[in-house]
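The next part holds the structures, each set out as structure tokens.
Here chain A shows up in two complexes: once beside chain B, once beside chain C.
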Partner chain A sequence: MTNSYTVKGHSFLVGQAFVGRGLMRMRRLPSLMLPTIVMPIFFVVAFSGSFASVVALEGYGTDKAVNWMTAWAVLQGAAFSGLGGGGLTATDIENGFFDRLRTAPINPSVLLTGLVGYSICRAVIPTTAVLIVSFCFLGAEMPGGGLGFIMVYISAIGMAAFMSFFVLGIVFIFKSIKSLAIAQIVMFSTMFLSVGQAPLEAIEGWLNGVAEVNPISHVIRMCRQGFLGEVTWQQTQPGLIAMLCLIAGTAIWARICYRKVDI
Partner chain B sequence: MRNPIEAKELSRTFGDLVAVDGINLSVAKGEVFGFLGPNGAGKSTAVRMLTTLLKPTSGQAWVAGHNVMSSAGAVRKRIGVALQDAAIDPLMTGNELLKLQSVLHGIPKRKARARCGELLETVGLTAAGDRRVGTYSGGMRRRLDLALSLVHEPEVLFLDEPTTGLDPTSRVALWDEVRKLNQEIGTTVFLTTQYLEEADQLAQRIAIIDEGRIVREGSPSVLKNQVGAPTLRVDVWEKDYNAAKATMAHFGEERPARKGRIAIGLNAGTRGITVVLKALEDKSIEVQHVELDEPSLDDVFADATGRRLEGGESA
Partner chain C sequence: MVRQPQSWAPSLFFPLLLAAVYSSQFSKAVNLPDFPYPDISFLDFILPACVIQGVLFGSTNSATDLAGDIENSFMDRLLSSPVSRPSILVARLASAFVYGLFQATILITIFYIFGADLAGGVPSALALMFITSLLSMAVGSFLIAVALRTGSQEVVNSLFPLIFVFIFISSAFFPVELMEGWYGAIAKWNPLTWVIDWTRGLTVEGFSWANFIKAVGIVTAIAVIGVTIAIGQLKKRLAAAS
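Right after this comes the complex of A and B.
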């Protein structure tokens, strides 16, 4: 009587279905996307304007504040997207929908990848929005050309993936949407304690030490390089390594925390 | 070969709280098994363990022939689950949810499309299939939940308090669906409920759980018979009264009744009624009125625990 179905590419189809579901929710509840789009745009507009002269200091490597701030704003938006992906899971846990997913015959890793896939797709929207505002209204430049744009999108996708895995871990432990506050604190701390706003040369004291070892600094540099000049392997490599390590580490963290859901 | 559901000394604790305390279960193929108990008795915890959502602290369980701990994936392929509080995304439509469920279970696209339409029709939601679930009534959500749990034609269906919060009409409609599934497809159903009537109506066999332990198990009629024989009350013409009383005395001890009525505790249980009526007819005694009062499952619960399930007062 029972049919045990096995369709080709099941894992891919499951991931695709999760991404599709997430995007559908965004269409039907646009307010979900507002903070993710508005906040990074606000960042790039406000910080580029307020700190227009700061780029005259040593270390910025550009004469336009918007060139410096755009990468940071993009990664803020990507991090928010990752947070949103975790938020959807928290809602699913609270309303019981997550139990339906857990009783389905799918590997937990596929489930996690699907949820992160949604965050990645989600990150493309604020990234594109920030780039449009920066280039069309704030006069940003990309001397790094097409490769510079590619670096921006790769960094944003990586940031969304890492943040999403991290937030999923938090959500699996606390099983509540309220736990996003903890994730937000970590997100803002890591973003602000980096070279996001200022170059290492302009940061003093312990903040300098933290920003230097903060792996997010490498990701930001990778993202920003095209705005400041040519895209080089010397700038890309540490960023890629940092990003992959962050993704791998948080993926393991999320997988371990997944076991906590049933407690 | 194992029964579709088997549990041996299955336990689950949360800190100091023993939610399920060494239960043993065996549910036969094609059976509707009722798991009856008050709130907090351990019903949902047991279901969560049997459906692989919660790891047992100790003991073993097998569902559809597979161990719930070591072969969770194989169990998930073979079970359908409709948990308490229909777990449905309100932003999605019924159709979208069914399609998502089909993907999760690896059902090929064409087959899934046909199956979704079929299930929506079965649960009477064809017209509402493209509406967001947020606009559904409680009964519609429950029916959709049931449809979702059936997408992959499961061997074993777990229904955790499926009618809680439903109006009487929706409740009866859902009972009909469950009966149909069981009778037409032969699905084994594990049903938890706190409603006596639901267990009585649907389950061929029930287990009563209280404070994490199974306190009674058997078919509703056997359990009720264990508490005491049902009372048969018969009204006859005055001229036949003594003859009727003597005839009926062969079938059970006399019980108090108003003037002109004869009441006995029917030793053979509810099935004995036809025999008594036949005996009266053979003696040309015309029966004016017949009443049969069975002990209720609440009496069974009270007998086992010293408390009443309905109303919660002491027995």
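Right after this comes the complex of A and C.
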């Protein structure tokens, strides 16, 4: 019992150390965080401004574009934050520090969890920044109240977690910081091929079918529901299921790819 | 370009992705009251903007290469050889123009295959290719000036989001008439809006010399400012090197 407790305690401390290391890097290199904060803020301002009139079309359920676009910008920011753990690992692989980590008595799952934990902590910053800009300067509303805000943070944390696992997998395969570009392309594509910017009712053609089956659409709906009305279990449940499946799937993917670092 | 497809592929991929997504997501937007072109598809509406977007994304390449030459000291070797000094700048500007032409040709061809309708036919397509290539050179000249000033690829690349901002705060993806408040006001005075609107006139309404001359005029004005700044920076670098 004591042994098991000690191993668990050790794993927790190692995971915590990884999160702490990432946060320290953020403090030392604030320029790393700048795009992660600035881009989602720009997204909410640009998309709310550019597409201000589209909410008059069927299916948006709000008369303010900012209510529709805030959730989209929050999740974009969270997805960008998910690159954080991958970026840190790619740098470690390139400068050889990752080899030293692998020779240390660390459970790979703890290492991965620590890196994802760092990405999750990063995601809270752009999420809060986007909410401040949306509510203080763009006139966003939250009829869903406190529960609506909770849904926003849960979705952002989930998005950062599975994007982080996914990016780690890519980095383990290519072992280069340049591979982040591939992750970004996949990330952008999956986000755009969803109900991020328009509801299913407004989308026509092939994209309608793709957005309907895209699991990220469910996460976006869960995140957005508080901006459009009351928070309901009917909207939350599919989002939670999609999010947990994505986290589980990408975690397995990252763990499998971890073995490729040696090859 | 042949050796490093990863340097130009994203600048083709993102405009095509946005065109594919927006033409489905906002296809019903043409039914909104006050939409300036209610009889066309949304793909036709965003076609010139997507071509301009792709070309502008690609316009960073020439400046990044120049900054790379400065970083790895190839520029110093170039300056120690009997190479005509203006040719260093002219070659980079010409490269931006040709690169823009290459991208515009590919993008217009793909859009045409996927059902985009150019009202003015071949003259409009050629006009669009010329204007966007010139714009690539014009914006490229500003970035070349930054490359000459800083000699850093990282700084040149960090200006990429600025291009993104200029494109989105314009009439690229939605008409300015339907934008609200301060955002609409900024978009209205963004020079890129004028270029896009006049170019859109060529592709949606048909070829007209008036729209062509106005679009070329504004892009030439941007190019003159950019090239003047770039010449100034080249002179400073040459003075520092001698």
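Following the convention adopted for this analysis, the second predicted complex is superposed on the first by the 255 of 263 C-alpha atoms of A that agree within 3 Å, B and C clash if a C-alpha of one lies under 4 Å from a C-alpha of the other, contacts with A are read in each partner's own complex, and residues count from 1 in each chain.
Here, contacts are C-beta pairs under 8 Å (C-beta built on N, C-alpha and C of every residue); 3 or more make two chains touch, one makes a residue touch a chain.
Not measured: the values here are computed from a predicted model.
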item	value
Touching partner for A:V45 - first (chain B), second (chain C), both, neither	second
Partner chain(s) touched by A:F192 [first = chain B, second = chain C, both, neither]	second
Partner chain(s) touched by A:T103 [first = chain B, second = chain C, both, neither]	first
Contacts of A:Q234 with chain B and chain C, given as first, second, both or neither	neither
Touched partner set for A:L29, first chain B, second chain C, both or neither	first
Partner chain in contact with A:G205 - chain B first, chain C second, else both or neither	second
In the complex with chain B, residue positions of chain A that touch it	1-7, 10, 13-14, 16-17, 21, 24-25, 28-29, 92, 95-107, 262
Residues of chain B touching chain A in the complex	48, 51-55, 64, 73-74, 76-79, 81, 83-92, 96, 99-101, 103-108, 111, 132, 148, 152-155, 185-187
Contacting residues of chain C [partner chain A, same complex]	6, 10, 13-14, 17-18, 20-21, 23-29, 31-32, 161, 164-165, 168-169, 173-174, 178-181, 183-184, 187
Chain A residues touching chain C - in the complex, by the definition given at the top	35, 38-39, 42, 45-54, 56-58, 178, 181, 185, 188-189, 192-193, 197-198, 202-208
